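Next up: the structures, one after another.
One chain, subunit A, links the two complexes that follow: it is found with subunit B in the first and with subunit C in the second.
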Partner chain A sequence: MKKNKVFLESIKNSAPKNSTPQAGVSRRGVLGAAGAGVAASALSRSAYGQTMAAAGPANTLKIGFVSPRSGPLAGFGEADPFVLGLARQKFASGLMIGGKTYTVEIIDRDTQSDPARASQLTKDLINNDNVDMVLATSTPEVTNPAADAAEAAGMPFLSTVCPWESWYFGRGAKPGQPSPFKWTYHFSFGVAQFATSYLASWDTVPTNKKIGVLSPNDADGQAIRAHLFPLLANAGYTIVDPGPYEDGTTDYADQIAQFKSAGVQIFNTFPIPPDFTTFWRQAAQHGLTRQIRIAEIAKTGLFPSQVEASGSLGYRLAAAAYWHKVFPYASPITGLDGMKLANAYETASGKQWQQQLGMSMALLDAGFAALSQSGDPKNKAGLAKTLSTLKVVTTCGLIDFTTGPVPNVAISPLLNGQWLKAHSGPYKLSYVLVDNAEDHNVPVTHKLLPYH
Partner chain B sequence: MNFLNQIIQGVLLGGFYALLACGLSFMFGVMRIINLAHGSLAILAAFLLMGFCNYTNLSPFIGLLLVLPVMALLGWALQFTVLDRSLRAGPLIPVLSTFGVAVILDNSMFEVYGANSQSLGPNIGNLAYNSWNLTNTISIAQLDALVFVTAVVVLGGLQIILRYTALGRTIRATASDPAVVDLIGVNARMVYAAAAAMAMVMIGLAGAFLAMRNSFDPYAGGPQLIFAFETIVIGGLGSLWGTLVGGIVLGVAQNIGATISPHGFLIAGHLTFLVVLVARTFGGRIAWRALLPKRAAS
Partner chain C sequence: MATTSYRVERWTRQSRLFAVIIALVLMVLAIGPFIFSADITDRLTTLFVYVILAAMWNAMAGYAGLVSIGNQVFIGLGGYFLIRLSDAGVSLYPAVVLAALIVGLIALPVGELMLRLRGGEFAIGMWVLAELSHFLVNLDPVIQGETGTSLTALNAYPPVAARNDTYWVGFVLMVVLLAVVFALLRGRVGAGVQAIRDDEVAAASVGVKVHAGKRIMFVLAAIGCAAAGGVWLATTISFQPGTFFGIQWTAYMLFMALVGGLGTFEGPIIGAILFFIMESWFGATGVAYLIGLGVTALAFSLFLPRGIWGSVETRLGIRLLPVGFSLRLVNPDGGRDRD
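Then we have the complex of A and B:
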């Protein structure tokens, strides 16, 4: 059954492309063999050699870069043109690997925030553009369908910025069992990183340790409810959870009443950004914000515009960062450290720096490190093997696949930060780190301040 | 006490839905067009208003004096470029063409304004979060109250215009039979253009309050269209005060749903919409069956 499916998929994939007949035959051979399993491994290896020879000019490296640039997730992709521009500029004169100079071509694709399109674009990059590796970033809606497409096609793949539990278990891996993935790799924070950064910074503000949590009935919201809230409860906090609500809810009177009567002093939420603006304004209208000492928001509050939408109610909101401009690490590609990268972005775009800037850079850093370390970037099996043991310092710090929680996954840090009213400069808010429990190399200059 | 609060908040939310829906309702009532670009046009008004406020640093309420006439002109232009042409091609084409307008608007706004979510809440200062505390558990947000009053004033004003002015009489006549008013010397196209302009003023108001109450981004129009559509279906398609009733029923249903379970907010609203829709269809069929024997007899 599964074999047939894979085989049909291989015919479908190879049919529309303009390649030589041998390439079509060989790809069919590879996928058919992969479905057939162990017995065909020898055949698979020989068929593989042909694919390599046929996949574009031998001295050109093609890298696919998949991210959301338009649609509701477009905030994540805002800095990507700038970051890709830096990399293209750097590799304009080619990249030397194993004594051979390759021309580098980065092909970027916009998912338009649509998971089906993310899958389609990845297939298209693999089948029509003959890329050598696919990189993808930002939210499960991008990384998961793109990874599935790459895994099915036997394409080395690296992604980031999606809680690793959503990426690994969300794609069918089972806890305690060997990883089902051979081609796809991911580095990101996970639920444990949220807990560490929260617990490390919350202690500086005295509270009654009662947390009001607002987590929606979507994939992220339910994963957080199942995995993060128990960790906080174990650490001695009381959880007040009115239960999952639907994304797009326009009135929160009931939840606000429950939080008020329970006397919560900490608030923690994982909403889609527009819902938070609505909720927080209503919380202020009904007097909830006056009793909140720590307002810890996630999934929203990542970018300045999301916090500016709350006006003065946004001052002193806490939100964890997967990258911050004070990160001391220099990108192996551009040589820019966090501060220089952020300044270059602000000068080039006229917009305030945002945390995805560093993470998109880190994705390119790690991807190109794997290409270099593999010795032969045209050998897909070798490249995937290099990814599985990749250990490199990127813009966001050390990425180490040898110490991940599960195979195929490396952990990147998450540090708690806080939005403060900016006292100088062109921007309304400044975003400061208040914790470095996950990475002590990052300097911390501020302490968490009480919200009210 | 909490239950009472839920109902009060639901009624206030209903005022917002009514304001959101009245432009859609009016356009359907007069021109028989389901304007699928309704939500996107409201977001456009919100962006125009935000542009004005950021440029001049004036209050959004002053900005409305400029933005509402601009919206009216846009409505006028929309009528002659899109609606009028598509109306001539049959009842389905306006649905498709306004959908096209929505897609173009959404993506154009994304190109111009970027993906960031925006809000006019910061521009109205305390009004965004001040409230009157009636008891410890019941408080009425001043902004919600303002939205509700605006909805009532808009619907009331619309009724006065339709009932007591020459324009209103022409609109009502054209709504009931555009072909006949053409015969008696009224230019139905101009009447439609005036109606589109009025609808756009209401859409502009809705967009402004949406921007003050919530946040918005270029793609936020779709969900608003759903709430507006449910409101006018519950209240009765094309009925003015029905829009207010529909909004209140939807808002109260959602808030009561949320009290039963936090899941219930949207579900309760959608269920109410479905029940009303089924009841109307079912009721209609009974009436139709009742007609059949009569016709057979005659």
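Then we have the complex of A and C:
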């Protein structure tokens, strides 16, 4: 049902803006058709789209919103139609910037979890829809190609939910050198935020401080191995690392044996979601889960569906959150704080709230704050400059580009949370915060409970 | 018994006319960025990439009988060496060509090994090669595993210049590569590889240099696909190894060559244009689009196994760009042209 809706929406979005070329403005389309022969029929449509857009009034603000709604990353895009609906509703009567009222049009696009498509869609938004800014969210597979397309086209761009190291260094920036990016900006957590949230919350459960780590041989896995584990070791924890494994491994007997013989009481992993389900079942069969006091998972365990896959083994798994419904901040766009946003989503969709909800909202908050603060949102260079020093409180808290670890990047917090068996309500699990080291304005509602 | 006189023709009136049309289209495309909008310029660059890929896959499978499901190895390596060369300070567009030539050089020794394999072994072997290269490229610290990196050198150019230059590089590479294929097919190599495709043993027995013929097509396809990979990287900027070494490229190449007409010169070009149109129109429908592609390819292989152009050619006897010869019988009652 849900999928269908998204599916229909994407068809609707890709439908021609106007199938009748206007006299005069369609010259380019016609020439294109003549030159490209058969291919023309595919092209002219977009050409008309563009000429129509170019002929549109100068007081319309167009914002592109790129996220994964279908494919393996669909979980991230689940709440986007709802969040976009809120923003559209809010801006239905226009947006006043610098004494001028603009009509607001948000054009959302589904990458289908395909990086090549993310790049193409961003170019489409820039070339055909003549957007004034592009927003993108969720995983390097979306944010990096979209940012690259925007950077190449000189288009103001803001993205979130992708470790900033993957976004910044993953796009060819070199440590210690000036930023190669002029148009693209990103706010997100990084490796250091994982360390802070883990160290702040693990103390509440007495353990022998031995961590069994399971980190795969992929980009995230290796980055975590190189940068996070040393931070944990410095803080007095003993790291038991059986070494990198390949994504998609189905037999973890070796790793489980090593963890058991080392007597680890903390477990930490950065797997692709299906691998964790496999590993955790085997760990239970071999009795490893009985000695684990803290099971801290990342990259999976973000959304209720991922934890439900582990059944009762999912209770008391810890996983850090980039947003939680107890965040006290009200969205500057909608005025809704975390609790109201989550409740509105649950009422509207019939689904349990999830953390991407707040982050997609925060992305819109920050994007529109930049448009407003720029004074002239139609001036691209000015808008990019505004982004570079943007400082605004959004649904996910303060985003401050003046204090980022590198240019073009602002840090957003990461707080540790835990999945508990729900005792009431329609959902199986409840997700509670157990730490607020990164942002003390967020209330800690629970203490971390031992896994076993 | 009446004597029939005949004439061997390469250029028919039809193909001469068509050559003029082609020349005109190419002239328009050559000044494309001046007359097309930014979007069309950008999309046509993608079309050039598809045409190159389809023509290269066809040169291997349709002419030399080398069915490969791993040509993405060349696309990925083309992108990888472009990143590497650009990282080393080589100017962007010369680097595209240089990267393609490097891949061609690598293809020489690799081809010696791969071409010992036959049929299905070769096809699977190429896939293994693609996966292996993918893993090796991931080990390079510049690439940072699956995260990949970006062609930041492109940011030095103003957006319009970057788009137009990429278009021209793609256009020139496409024209040159198609011309090379055309010239090869018309010469001794072309006749040789087609004989190999039809029956390798028989071809060898009549003196066709089997290995040499296959090697030429293999290296040509390597250079061509690598050039396409480089141009594609210049349009998408992000190098994510999973995308560049992905098996989806093989599906695309197969679709374009099969639907257009395997073993014809014009077929893959038509296939590429068709694929491009389908992607532009239906790409947004996601899964339905992929199913549509699959069903179309299936329908063609069942009902029109020679593809669009193959069928047109056999039924109507049309040759737009003459790769072979026509035998024109000249007899009093005006017989039909025959091949």
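Convention: the second predicted complex is superposed on the first by the 396 of 452 C-alpha atoms of A that agree within 3 Å, B and C clash if a C-alpha of one lies under 4 Å from a C-alpha of the other, contacts with A are read in each partner's own complex, and residues count from 1 in each chain.
The working rule: a contact is a pair of C-beta atoms (placed from the backbone, for glycine too) under 8 Å apart; a residue touches a chain by one contact, two chains touch by 3 or more.
As the structure is a prediction and not an experimental result, all values here were calculated from the model.
*Asks:* Is A:358 touching the first partner subunit B, the second partner subunit C, both, or neither of them?
*Replies:* A:358 sits against neither subunit B nor subunit C.
*Asks:* Subunit A residues in contact: does subunit B have more, or subunit C?
*Replies:* C
*Asks:* Just to be sure I read the superposition right, which of the two partners does A:243 touch: subunit B = first, subunit C = second, or both, or neither?
*Replies:* In the superposed model, A:243 contacts subunit B only, not subunit C.
*Asks:* Between subunit B (first) and subunit C (second), which does A:367 come into contact with in this model arrangement: first, second, both, or neither?
*Replies:* neither
*Asks:* For A:70, select first, second, both or neither according to whether it touches subunit B, subunit C, the two together, or no partner.
*Replies:* both
*Asks:* Which partner chains sit in contact with A:309 here, subunit B, subunit C, both or neither? Use first/second/both/neither.
*Replies:* A:309 sits against subunit B, while subunit C stays out of touch.
*Asks:* Looking at the overlay, what does A:413 touch: subunit B (first), subunit C (second), both, or neither?
*Replies:* Neither subunit B nor subunit C is touched by A:413.
*Asks:* With the touch criterion stated at the top, can you tell me which subunit A residues are shared between the subunit B interface and the subunit C interface?
*Replies:* 70-71, 217
*Asks:* Taking the touch rule as given, give the residues of subunit A at its contact with subunit B in the complex, in rising order.
*Replies:* 70-75, 77-78, 217, 242-246, 248-255, 257, 260-261, 273-274, 277-278, 281-282, 284-287, 289, 303, 305-306, 308-313
*Asks:* If we count contacts the way the header does, which residues on subunit A are in touch with subunit C in the complex?
*Replies:* Of all residues in subunit A, those touching subunit C are 7, 10-11, 13-14, 28-29, 31-32, 34-39, 41-43, 45-47, 50-51, 70-71, 110, 112, 114-117, 119-120, 123-124, 127-128, 140-141, 144-145, 148-149, 151-154, 166, 169-173, 180-182, 217-220, 222-223.
*Asks:* For the complex, which residues does subunit B have touching subunit A?
*Replies:* Residue positions touching the partner: 2, 5-6, 9-10, 13, 16, 107, 110, 114-119, 121-123, 128-131, 133, 137, 139, 141, 143-144, 213-217, 219-220, 223, 227, 251, 254-255, 258-259, 261-263, 265-267.
*Asks:* For the complex, which residues does subunit C have touching subunit A?
*Replies:* 25, 28-29, 32, 35-40, 42-44, 47, 144-152, 154-155, 158-159, 162, 236-238, 240, 242-243, 270, 273-274, 276-277, 280-281, 283-288
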